[in-house]
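One chain, chain A, appears in both complexes that follow, with chain B as partner in the first and chain C in the second.
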Partner chain A sequence: MKSDKWKPWALLAPSLTAVFLLLVIPVCFVVVYSFWLRAPSGGDIPAFQFGNYAKFFADFFYPSLVIRTLRVALETVVLCLVMGYIPAYFFYRTESKLKPFLMILIMLPFWISFIIRTLSWINILGDTGLINHVFIKAGVIDNPLPMLYNEGAVLMGLLQYLLPFMILNIYVSLEGIDKSLTEAAKSLGCTEWQAFKEVTLPLSLPGVSAGCLLVFVLTCGTYLPPMILGGPGNDMIANLIFKRIVGTLDWPFGSALSTILLALLGVIVYTYNRYLGINQIFKTLQ
Partner chain B sequence: MMENKMERKLDEMIDRYREGKISRRAFMKYLGIAAAAAGIAGGPFGLARNAFGAKSITFHSWGGSTSEALRKYAFDPFTKETGIEVIDAAFTGMDAFLTQVKASYPPGGEFNLAHLSAVYDYARYKNLGFNSVLDESKIPNLKNVLPKMIDTLRAITDGKLSAVPYDYGQTGIAYNTKYISKENAENLGASLLWDKSLKGKLGSWGGDFRTNMWYAALHTGQSPNNITRLNDVWDALREQRELMKKYWASGSELMSLLANDEVYATVAWSGRVANLQAEGHPIGYLAPDNTYSWMEYMYVLKGTDMDVAQKLLNFMLEPEPAIAVAEGQKYPPSLDPRKVSLPKSIKKLPAFDPTGTLDGYLFADPEYWNSHQLEWTEKWDRIKAGA
Partner chain C sequence: MENTVGKKDKDPKFVHFRGIVKRFGSVTAVEKMDLDIPEGSLVTLLGPSGCGKTTLLRMLAGLEEPTDGDIFVNGKRINDTPIHQRNLGMIFQNYALFPHKSIFDNVAFGLKYRSMPRAQIKEKVKRALEMVRLPGVENRKPAQLSGGQQQRIALARAIVIEPDVLLMDEPLSALDENLREDMRREVDNLQRMLGVTTIFVTHDQREALSMSDKIVVMRDGLTLQEGAPEEVYNRPANHFVADFLGHSNFLPGEIVDQDEENIRVKIETGDVLLAKQRGAWKKGDAVEIVVRAQRFEVHRKKDFAPDEGMNHFAGRIKDRSYMGGEVSYFIELPSEREIHVISMMRTHTYDYGDDVSVQVSPYHCHLITAE
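Moving on, here comes the complex of A and B:
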């Protein structure tokens, strides 16, 4: 038995090496950079000081962007949950021969570049886009509705990006539920709604919680939808990090912002694990 | 090389798609073909080909019509004549490119030549130690270049050159003539960008604090290269923010916003406006007094094979390719009209200077703007974000 102990590690070695080289080391670099200083020329000065962190906390502008990011992430989670549970439940219950085709439709957006998918909303929501065009032609409105370059458009962009993640997580969880349980509940007098509320919904919660966590974390780190579909005042923390690193070559402060975001998400994931259990995520994958 | 060309073509297609020049169906078809071709041509076979490839040099530029013109009229003929391959790629912006160069430093041959813009960036590259020194005797065509452009660069690099000036342009104001009359635009000048009747229909370049501060300085009656009432500028930008529909991030986005009537007036690059006009869009161009002028140059980064670079630069400064590139990208070339005969198509480009002196063109003072860069960028970002 003792001689077999190395085997799991040998099997894990390629993945662990990849994670270490491609994730742990770069993150360590980011953390180290966050203590450095920016030279007036845009170069970096190695140092160990907390000025970049002090700058973040000394000015409410930076925390306010984090708060906005968390708010948008929560809104996205709620929208994805509401809009994702229904199709996932439908896939679970349907006996239709079209089910595999419908599942492919859910996966279809992944075949198209995220940037292209985001850009396409300009042609739909814009002043001369599809919706306004149809409404104006139909005489419903005289002037275009302002649907683009605001927070609503950003949420729409995030929704189309993240909804498949939510649907798939919930669906995988639902698929693991024995359908005879709901039949048993109904045979004991439950209505269809009661059977869903008392049996199906609680058993699908691991998938719901996994989907929520995934959507939340991905939203916090995204910057393309606010950049392409957002208007003045819709930037999120990732946009600011991008500007600091690329726009002003202020890698140390950009790294400090990244580290703060990482730490914040770490705390959220830890708390989530503490009260809901991160193992729920893995259950949905079984 | 095949992968590089594929990437280039894909960039062009994305640009065209965003500008509304091709349908989504055509774009998707191209995407599929590109993916298949990349699968066949890419991978280890591509790497092997590159390893045994001929002598080459990399060139980064703005993509779209600019890169197209450079490739057709400069790089391909140069390769045909010398056998040296020019591997060209598009960058997403000046700042993003500088970040890439910084990340790759010390130079390893990844970045050689770049089509950079604005004198303050020439100074930034020098301050970061990325500059090379050109042997001007090997670029005889420099004699045809506007002296003021050369002198401006020389002043920054201690009398030497790290780049050759290639074109110049302006960031003026583009306006939709369907909604704004020429007379009204000219009367308002820079203040057109603060016209309350255009609320929700104005745009500006979100990625550059200078452009926005420049116009805010003009709006508040100040010299952009010596702003004395800074708070007035910030207040003006805050006021303008409430009127804005979109702070655009790229040239193609600018064109898309104007072409689709999303914004009626915005700061705009003169060449992009000329492109829209050539396509028949009802877009006017306004260059108020002290319009933001800038020059572009072909920069040679430290660590580059200077012989190859100088040979290419000299070739690019030949009147024929320089004029063809200028026609393609719609920016006047750096060629001195007193020495080189320029065609009508060049003379009617926005921002063209028939005198060849560039007198009256106001460029950003690199020392002034670079010394405030970090502070003002942060301030600008805050205002843009609503603070």
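Moving on, here comes the complex of A and C:
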């Protein structure tokens, strides 16, 4: 009998090719670039040296940006988790006819450009934006409240961007839980809240875990909310990379920063999956 | 109320539904249901899907709220008692074991919420697992057990809390044929041993007939008949019950005469059949004669001589299928009506087109009102 083992791989081939050409090879280029030298004239000189990495650790300004990035990412994860679990749970429990419509509302932001969505906050939070305008007209305040260009505004932008990912991940996980499990728990003496704690919450953890990881990684790599809504002190690591490569055309140093971020995220994702990752949680379920 | 498994002093109205109505929007799931369930008995709610049997069970469990009517358990109205205080053991079709907890934690779950000392919980879980013949599986996860074993764990989890009533919602339907038979006997034995009042919901007539003290046949939210298995099977109250339980034949006809012993019914073929006198019928009533497929005797027409006092009529073999233990014949009567006969005979296998005579005792002819 002829072996058919190659057939599934044939189905995978187009996407594997795309990932290889458009992701793996460019990343390799970036890693190679990070060892190059930058000529005083502005050109790039092929080389193999660690000067770009040394520069990163020589000035605490750079590591401090990484630390801030991780802190903001953690804050975003916590905010998304709290604000995402509740609607996900609502979707799981509701029998309302409005459910499909509300689900579309969750997806709606994906249909509008990320930049437009982020920029629109200026019209709401800015000095002449909606909130300040209304408050001043109503005589509540005399001078506009400074709501823009601080970390709060950045978090707001990140939350708006990432909340749907968290909601959908948790919802999919909740939806997989047989509702008779809660009924069984209640028939055995649990109140609604105890049944949630005993059954629903633990069984939704795989979705929570996946959602948290996704939000964390996406936050670490984003630069638009800090660039548009943040002040001078709110830059994250991706903003620095952007400025180095697009602003000063310093490809070698920008590449070194990118490689450091990539390695850091790699270690974090690996550790996370090892100890409380998706695989681990599924293993405990069986 | 004679079917209380020989416990005369037990409460004949241990579980008591009075005027129960349940509507989901404009759909009526249960309509004005009255039902008494004696203490210690096993009562089956039998009917096709959508007949309201599961809804009735879920209302008792506290998982649905009745639109109207009252539910009493042991003399106490429980309509307003929240589910977690009702002390009922519920068993679900899909087992509903907690997949993230060990078997021990699953079985101990109900006891934990009854604030029982740890040592006592351990002892009770051990005994419950022995009762369902699965000792020593405490540390496994539900997914490591087979379907039948999981359902036994679900059973252990429900009985370990010593519930007032055990509620079973199609507990065997997810199991395969052979396993279902074993589990059915196990549930039956366990129920009798513990003497726990049990309500069993099923659409499987064999489960209902073999284990119940009382069967309640339901359709469209209404009770169509209620009684002991023998009574419901042998003396169905109407066409639906006769059709739903067993292989029934319906011969429509009209009562032409009756005496103290027999009722004479003229059927479509012109033959006049005798049915044993039971109940109040009068001449001219349009009736259906219900005969179970197993009650007919088939004979070759050319050498047939009717027995004294037996009904008989002619027909032709239209179809037959050999089932191993029995042979199934479909026989066409002169009126073009087909009857189904199940013959236990190993010999005399008739072939397509054979002319046969069919004989049946008046004792096996049960009359119902024609619909």
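Just so it is clear, the second predicted complex is superposed on the first by the 275 of 286 C-alpha atoms of A that agree within 3 Å, B and C clash if a C-alpha of one lies under 4 Å from a C-alpha of the other, contacts with A are read in each partner's own complex, and residues count from 1 in each chain.
The rule we apply is simple: a residue touches a chain if its C-beta (ideal position, glycine included) is under 8 Å from a C-beta of that chain, and two chains touch if they have at least 3 such contacts.
What you are looking at is a predicted structure, and each value in this text was computed from that prediction instead of being measured.
Under the superposition described at the top, does placing chain B and chain C together on chain A give a clash or a fit?
Fit - chain B and chain C, as placed by superposing on chain A, sit side by side.
Which chain makes contact with more of the residues of chain A, chain B or else chain C?
Higher number of touched chain A residues: B.
Under the stated touch criterion, which partner chain does A:L148 make contact with: chain B (first), chain C (second), both, or neither?
first
May I ask you to decide whether A:S187 touches chain B, chain C, both, or neither, giving the answer as first, second, both or neither?
A:S187: touches chain C, not chain B.
Identify the partner contact of A:S15: answer first if only chain B is touched, second if only chain C is, both if each is, neither if none is.
neither
Please indicate which partner A:L203 is in contact with in the superposed arrangement: first for chain B, second for chain C, both, or neither.
In the superposition, A:L203 touches chain C alone.
After superposition on the shared chain, which partner residues are touched by A:S3: those of chain B (first), chain C (second), both, or neither?
So A:S3 meets neither chain B nor chain C here.
Determine, under the contact definition given at the top, whether A:G231 touches first (chain B), second (chain C), both, or neither.
first
Quote the smallest CA-to-CA distance from chain B to chain C in the superposed model, rounded to whole Å.
It comes out at 41 Å between the closest C-alpha atoms.
Is there a shared patch on chain A that both chain B and chain C touch, and which residues make it up?
none
Using the touch definition up top, name the residues of chain A that touch chain C in the complex.
So the residues of chain A touching chain C come out as 178, 180-181, 183-191, 194, 198-199, 202-203, 284-286.
Across the complex, what residues on chain C touch chain A?
Those residues of chain C that touch chain A are 61-63, 82-86, 88-90, 92, 94, 96-100, 109-110, 113-114, 141, 143-144, 157, 161.
Would you mind writing out the residues of chain A in touch with chain B in their complex?
Residues 38, 40-43, 61, 64-65, 112-113, 115-116, 119-120, 122-123, 126-128, 146, 148-149, 227-228, 231-233, 235, 240, 243, 245-250.
Mind listing the chain B positions that touch chain A in their complex?
Where chain B meets chain A, its residues are 14, 17-18, 24, 27-28, 31, 93, 95-96, 98-99, 102, 124, 127-128, 200, 207, 241, 244-247, 249, 256, 260-262, 371, 373-374, 377-378, 381-382, 384-387.
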